[in-house]
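One structure follows; several queries about it will come next.
Letters A, B, C, D, E and F mark the chains as written, and numbering starts fresh at 1 in each.
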């Protein structure tokens, strides 16, 4: 904690002033660009990764970036999503998994979760992921299976997301876009799911920003 | 989304290399300092605020930094907490509310939530907050009431947190510390709850890091 | 009841013998062609409509042909679907709504459900339907709105269906097909959803059985 | 699916016209004779068995013809029953089990359900059935046990049914009758429970329709 | 609290010694005669009313002597009943309502419960009682309606009780008896439900203990 | 049951008259001193133990004197507590465990609960107790462990109690006091938890009634 407290002081004494205007403007209200859903894993910094500032990303984080289907859980996921879409008018939702995810490792090794009953129960919302991985990649080594679980889980959670009424309505009206990403910690690269290719593609390849065309659209599911 | 995609490219092209070693080390596993529970609000950047690096903070975020009591919800909160304490051995948990919180505003204005039933239902887990604020601060103006709701809610959620078995056991064994914070967006200041004074105190006042004594202990509930 | 009892006698005395062999063979086990999910409405006879025999269709019926997402209800829907796919190896699932559906009428007139709290609560699983209809067809007359609700609801329930692990796995492995139908009571016609056209099309048009090509494939979502 | 699609065409081209009047009348509304609750098993055709027409039976079907007690599940069973009694004014409810029921077999062999967690969980609502069978018929062979489970389950589900407010009120006011049936696939016979004899009796024996007296009353529970 | 603490001292100093042997025998284990389920109301003393001693009655008390059906609640009712029947081998269960019950009053005046949402939600398990009373006694004065609610509720809760597997099995095997009582605070009289007369009868009339015949049997439902 | 029926007659014939006035006064309404929460165990008589009369104690009893946290169960505990505090204005709540508690024994021996699934599930709300006992007293003999579980469970349930909004508000406003007691069946002694000493102390030692000072205050948590 000492390190964290020292950081607080450093922020207040040395950093805050340089962003004072931004923060004072933000105090009047937020208007974020997107809802970013990712894992609680300490190795992920959404703002670092996207080089965004306070006010840019509305962020939902839990173990495994899991979104239970509508009605399947009364935790914060449904409410946070509904608030983002309905109250804040968010138009883009990113579900971002990551390499080496402990939750996905646990999903494939449920025998290791006997002393973590809440985790075990939570991973029920990723049961589709588990079954797809076991059936689709039966003979892979450990590391590949976890990475495939990460990818399949992003797709499974996007399906779950679609059952939420605010999302379903936004999609039906063409007002909302969903994005499925995987972040590779060791390389800093991000892969986006491309529905037409049924693959995750390194985002630089799919996203020729130069032409000014929205990358987002291309990778929308 | 274009801004976010451009940010990704900038991170990959210009930033990642300078932190390559850190990220490659982190790929082997995380060992975070603390579990940081805060609101999904886009104006909060936990890593900026604490000047910490990837790997330092395990982060749980939802609308209103709410933690339903054990057994009261099957969302990600219980699982994420259990994973932090049991799998990662985390010793410090910070619940950090913030000024101008939309969730707290909604809690005090439930009539504004009719088209957000999931938010309304989620705020049931802050019902104690609502009742305490209405009874304790009956004649305050809007802004003060929201700020008081933010503070009371941090305390209510700390109570909820204590009902989770992994937390209750950690506290009974003296292995775990809980911290209640409120972050003031417009000033960058953080206030920590001090149980003996029954007040939130600006963390610089309570935390003379110079003397090298753990601030954390002083503000533990 | 007299009519029903008389019917039982007639079946036993006059009908059963002619199908005796079929029934005695079926006593050894079932191997149905498809899972047929439809409304409890008395006007729908799945076997009459599809001219199928005992043993051909595994049938799930409830008010509104609603399938809560995985984990969102502990009623019979999830179990019946899982049994159909896992125990019986079913490869095709039809969700069949119908014109003049009382459940869809109730969904659009919730004020009429005050003395039916269980119905009201059940229709939560069609909340996406309700919101899409209200937003997409705001100025239609009553009858058109109900019919559009019937159609949109078939699509919404197909989305819900996809969150069930046995379905998600079957789809990921290419072993399962989903079909969205609407049955028009007054004409006997059936309309099937065509994803590429984003419309329900009269099934004769899409299904030139003469060529022997599987119609099912064409209308699979 | 080809067979089913062909059946659809045959119905539309060759059958519908002969029942056109009935269907067009039904388009204006349904007024069914009874609520028929039975298993999803493909071998059961309620309309064939009772020789009834479209419009006669409101039909609820799930795996095992199970009705969770009021409040014990938020699936379609409670809503469908409430709608039948409250909106349609139905006066007779038949719970109809059947010989060779796979759900009852699963109930007695839970070890076979490890890959069907939803089925396993659903059968909790027939736990009374399981315990009664194990205690009452401890030394029977497999086939007899399943048949006894089918019978006991009809009685257990009738008990569950009685806890639903619309049913409880109807029974208290003498406006509703419940019927417990078992259908024997291999012989086409139906057995009705007679409370005074505490047995299921072949329905022809209990039902001398000639005298015009309501059979229903005699077999009401 | 002073009165209660003084009572504790009086018990320890003046009363305990006279019952020391009983209590020391009981320390080795309990073997109660019956499970007594009644309201939390302070005016009811089950041991005073039945003139029984410590060790005689296993007692379950909550607001309104309500027993949710099996699976409808995860509160203590189901567990306490299961423990009584399975672990303690109890053979008789008494559900005892009482005159002037505040819970029944609340059930008939739900508008008075807006600041008691948990009570309101709990009374859902007595919704059958409410509907039966409103339909069966529509023109009664307040006091009579509450008393009728008390009586009908005892019957409704007995129905709920029957859905619990341990109860259902005990009843099916003839090992268990259920008793429905109403206690009249102002006269000290107890009325027992007699199924054959479909009435609550003053227990002295139905219970000629002189003949030594088990009263219990006569009033068993 | 004969013994109980005989007791009823004795109460009505010989006892009631002597307390007639009290009971007739109570018929007009209750105003209890405290809410007393204890185990269903037949060996505990709250009125005997506290030498109180009908009307003095509002009593909640279930197996193990367990109070699920707010929102964690829809059984009677939350409603009964809310009614006591909100409708009756109760100011003191006693949670009273007891020596030789079967529920606490079951908690430590879950392998003995396989035929009692409802008990097993209910004890989830005492999971913190179980973990604390296993970690804090790892090498104790059976009897000591049960007694320690009884004590720790009183504290755990007091934590759970604090999450209920009516309790949280009462505590925040200083209007409510919570008391943690353990009753020793074999000696008739009661031990109260003293937060400052972090111990259960024989209540006579802490409660010098002579001085007229409220004992309650001293033992409030």
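FYI, a contact is a pair of C-beta atoms (placed from the backbone, for glycine too) under 8 Å apart; a residue touches a chain by one contact, two chains touch by 3 or more.
Predicted model only: the values in this text are computed from it and were never measured.
J.: With a step meaning a move to a chain it touches, how many steps does the shortest path from chain A to chain C take?
T.: The distance in steps between these two chains is 1.
J.: Can you list every chain in contact with both chain D and chain E?
T.: none
J.: Suppose you hop from chain D to any chain it touches, then on again the same way; how many hops at least until you reach chain F?
T.: When the steps are counted carefully, the minimum from chain D to chain F is 2.
J.: Need the CA-centroid distance for the pair chain C / chain D, whole Å please.
T.: Each chain reduced to its C-alpha mean, chain C and chain D end up 18 Å apart.
J.: How many angstrom between the C-alpha centroids of chain D and chain A?
T.: Each chain's C-alpha centroid was found; their separation is 45 Å.
J.: With chain centres defined as C-alpha means, what is the inter-centre distance between chain B and chain F in Å?
T.: Averaging C-alpha atoms per chain gives centres 34 Å apart.
J.: Chain C: which residues touch two or more other chains?
T.: 68, 72-73, 164 - these are the residues of chain C that touch more than one other chain.
J.: Can you name the chains in ring order, beginning at chain A and moving first to chain B?
T.: In ring order from chain A, with chain B immediately after, the list is A, B, F, E, D, C.
J.: What part of chain E is in contact with chain F in the complex they form?
T.: 1-12, 15-16, 20, 23-24, 26-27, 29-30, 32-34, 40-45, 47-52, 54-64, 66, 68, 72-84, 86-87, 92, 94, 99-100, 102-103, 106, 115-119, 121-123, 164, 177, 179, 185-190, 203-204, 207, 209, 214-216
J.: Mind pulling up the chain C residues that touch chain A in the complex?
T.: For this pair, the touching residues of chain C are 68-73, 124-125, 127-128, 130-132, 135-136, 152, 156, 159-160, 162-166, 168-169, 172-173.
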